[in-house]
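Note that chain A is present in both complexes that follow, paired respectively with chain B and with chain C.
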Partner chain A sequence: MWSFYFNELMRSLPFFLKGLWMTVAVAGLSLIFGTIIGFFGGIMRAGRNKPARIIVGAWVDLIRGTPFLVQIFIIFFILPGIGIELEAFPAAVVALTNLTASFICEIVASGILAVPKGQREAATASGLSYYEQLRFIVLPQAMRSILPPLVGQYVLLVKDSSIVSAIGVVDITRVGWLTVQRIPEGLMVFGLVGLLYFAVCYPLINLSGYLERRMTVVSTKL
Partner chain B sequence: MISFKNVNKWYGDLHVLNKIDLEVAQGEVVVVCGPSGSGKSTLIRCINRLEAIQKGDLVVDDMNVHDKKTNMTKIRAEIGFIFQSFNLYPHMTALGNVTIAPIRVRKIPKEEAEKLGRETLTRVGLGDRVDNYPAQLSGGQQQRVAIARGLCMRPKIMLFDEPTSALDPEMINEVLDVMRDLAKGGMTMMVVTHEMGFAREVANRVVFMDEGQIIEVAPPNDFFTNPQTDRGKYFLSSILTH
Partner chain C sequence: MFETFNFRIILEYMPLYGQCFLATLWLSGLSLFGAIVVGIISCAMRLSHSRILRSIAGVYIESIRSTPLLAQLYFLYFGLPTIGIMLPEWVTGVIALILNSGAYYAEIIRAGIQAIHFGQIEAGIASGLSYFQRMRYIILPQALGNTIRPMLGQAIILVKDSSLLSLISIMELTRAGQLLTSERFMPTEGFLTTAAFYLIIYYMLKAFSGWAEKRLIFQEEH
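For the complex of A and B:
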């Protein structure tokens, strides 16, 4: 029986690869948008405009303080009630982007704030503007402390993307649910699902570890 | 060149600068000394508005520093500032450190700025260190890069906030030598320092501060041999006997 199911599963492999592609598409788009929004948010959160700091801080707390499943339901089921209609795929990307951006915002803000105050003072004293300081002095140094947790956040993003299956996006997790109804070997089916996630995440985990080691070495050298 | 008129500053209830009146002429070298917490660092940090003042007028090169309409970039470009802790940019080479402001603020083309940077680093004795990162340099060398960074803007004024206090004793002189050369070259300088030998040798005047006030202003020889106030006497006896 087991080998029969295994052969069945192998025949479904293209379906799984389609799901993998969907997971990569949802996570990849959210990664790009989330990183851009997260950096802007982090710069504002560590910036000199107090209202902007408070608004961004409240947004981050709100997103971090509610379950992602609830957020995605709100975006997919409740927004249409006030006239914002989204398909499952864009709704998933919006929800994941929002989640990722809020976490990246905190990573970026703490990276910026970790740059010693004297760096900004020296740059101020030499006449560099606020944005020149940010671009040439503060951000390049902050990247040392931002990069390792940033890539770590990407790993979480790929894994959290499995929740988009709840609103009907056919990602790997959804493919697993659909397949297990045909091939009732849960362990085998979700073993494959897990393996595919791992295949995406493992290089990222290694990259994060590598960056962490490299950044520490460089920062002690400098 | 620098003019304090009834300048006052508070940190909460603490009156850190109390009715400061002081004129520094072009080409003059003024050493500021006093016990820790007397407001001497705050005094020079106000000159390029690293600190704000609450009352009074502070005019630099005919521009009012604490007027909101004043273009601070323009004033800061004319003032080199040297920190106790160097504050070099660790991710840039010595040459990168000294050329960033000339390129971005003075809008000098990169090749020209690098030529100027090499010349200036050579002038402070670091012509062979242009491609080194700050962490590859000793404290004295880092502080000389910091001075070169200030000089590359071709400033009218150089301010020094305890430039040798973070240095090992054997490195103090290499920094003071550079500062002596600057003083002899006619640079307007205000120097917060405890290096009394330096003060005697190059200062035109010594400003002695305590508790946010200027207590005495005198030529170095007068101040060191014959302070006019008890606080001045007490301060000198405590630093000369240590």
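For the complex of A and C:
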């Protein structure tokens, strides 16, 4: 029986690869948008404008304080009530972008604040404007402490993307859920699902660890 | 959306929300306790001298960290019955949460222990302290100071992750929102109330984290 189910599972492998592609598409799009929005949010959060700081801080708290599953239900079920109707795929991308942006915002803000104050003062003394300071002095140095947790956040993004299966996006997890109705071998089916996630996440985790080691070595040399 | 916000229906469902709030609290409390125990054990295995124990802990931690919780949850939920282990849903859910957070706790504790300067241990040896005395009086008190913040951060993540248990039909906060959606078709009221309850837990843990950090970091400075 076991080998019969195994053959069945191998036959539905293309279905799993389609799911993998969907996971990569959802996570990849959210990664791009989330990084861009997160950097702007982080610069605002570490910036001079107090109202902007407070608003961004409240947004980050709201996103951090609620489970992603609830957020995606809110976007999928409640936004149509105010006239924004989204299909499952765009809704998933919007929800994941929002989540990732809020976390990246915190990473970027703390990276900017970790740059010693003297750097900024020296830049002011050299007559650089606020944006020139950010662009040429602060951000390049902040990148060192931003990069490792940023890649770590991308791992979380891939893993959190499994939750969009709850609104019917056919990603790897959803494919596993659908397959297990037909092939009742939960360990085998979700073992394969786990393996596919592992193939995406494990290199990213190692990249994050590598960056962390590299960046710390450089900073202790200084 | 908000002109038609129906507070009466929330009031009517308040007993259900109260019940579900408590369910979320004790499900995540139980998982938190189990996860810390698992974390301590697997961290000890990871740092032990035995190569076998080290690699078992390594495989466990790496495979948990590179797959999503939802896939792990489905793995147990659909997989355990196929090998003849029948458990109530909530037990499966708590096991999944414990195994998942346990791996993260192992990493947090390990980072906390390894952040302690080696000179501290040498000084302990030079003073004639035994291994357990060094652990008890030198390493663990400092490691606790280092790790209290990430530990509470992981506790917040654990509470939010417990929302996924609603997908295997366990009654908890997110499930209450889903019920309000399916019984009365009121997703706005349902999920915003759910989110509000999660925010209560989040802000309490966050305040506690700030308080604990102030007290424990102070001790560490000496």
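Quick note on the criterion: the second predicted complex is superposed on the first by the 222 of 222 C-alpha atoms of A that agree within 3 Å, B and C clash if a C-alpha of one lies under 4 Å from a C-alpha of the other, contacts with A are read in each partner's own complex, and residues count from 1 in each chain.
In the analysis below, a residue touches a chain if its C-beta (ideal position, glycine included) is under 8 Å from a C-beta of that chain, and two chains touch if they have at least 3 such contacts.
Here the structure is a predicted model, which means the values were calculated and not measured.
Asker: Per the contact definition in the header, classify A:M1: touching chain B only (first), chain C only (second), both, or neither.
Answerer: In the superposition, A:M1 touches no partner, neither chain B nor chain C.
Asker: Between chain B (first) and chain C (second), which, if any, makes contact with A:P140: first, second, both or neither?
Answerer: After superposition on chain A, A:P140 lies in contact with chain B alone.
Asker: Mind telling me which of the two, chain B or chain C, contacts the most residues of chain A?
Answerer: C
Asker: Kindly classify A:I82 by the partners it touches after superposition: chain B alone (first), chain C alone (second), both, or neither?
Answerer: second
Asker: Should A:G127 be classified as contacting the first partner (chain B), the second (chain C), both, or neither?
Answerer: Only chain B is touched by A:G127; chain C is not.
Asker: Of the two partner chains, chain B (first) and chain C (second), which one does A:Q119 touch, if any: first, second, both, or neither?
Answerer: Only chain B; A:Q119 stays clear of chain C.
Asker: Which residues of chain A are in contact with chain B in one complex and with chain C in the other?
Answerer: none
Asker: Quick check: in the complex, which residue numbers of chain A touch chain C?
Answerer: 61-62, 64-71, 73-74, 77-78, 81-82, 155, 158-163, 165-166, 172-173, 176-177, 180, 184-187, 189-191, 193-194, 197-198, 201-202, 205
Asker: For a test of understanding, state which residues of chain B touch chain A in their complex under the given definition.
Answerer: 48, 50, 72-74, 76-77, 79-81, 83, 85, 87-91, 100-101, 104-105, 133-135, 146, 149-150, 153
Asker: Flag every residue of chain A that touches chain B in the complex, lowest number first.
Answerer: Residues 116, 118-119, 121-129, 132, 136-137, 140-141, 219, 221-222.
Asker: Considering the complex alone, what residue numbers of chain C touch chain A?
Answerer: Residues of chain C touching chain A: 1, 62-63, 65-72, 74-75, 77-83, 156, 160-164, 166-167, 174, 177-178, 181, 187-188, 191-192, 194-195, 198-199, 202-203, 206.
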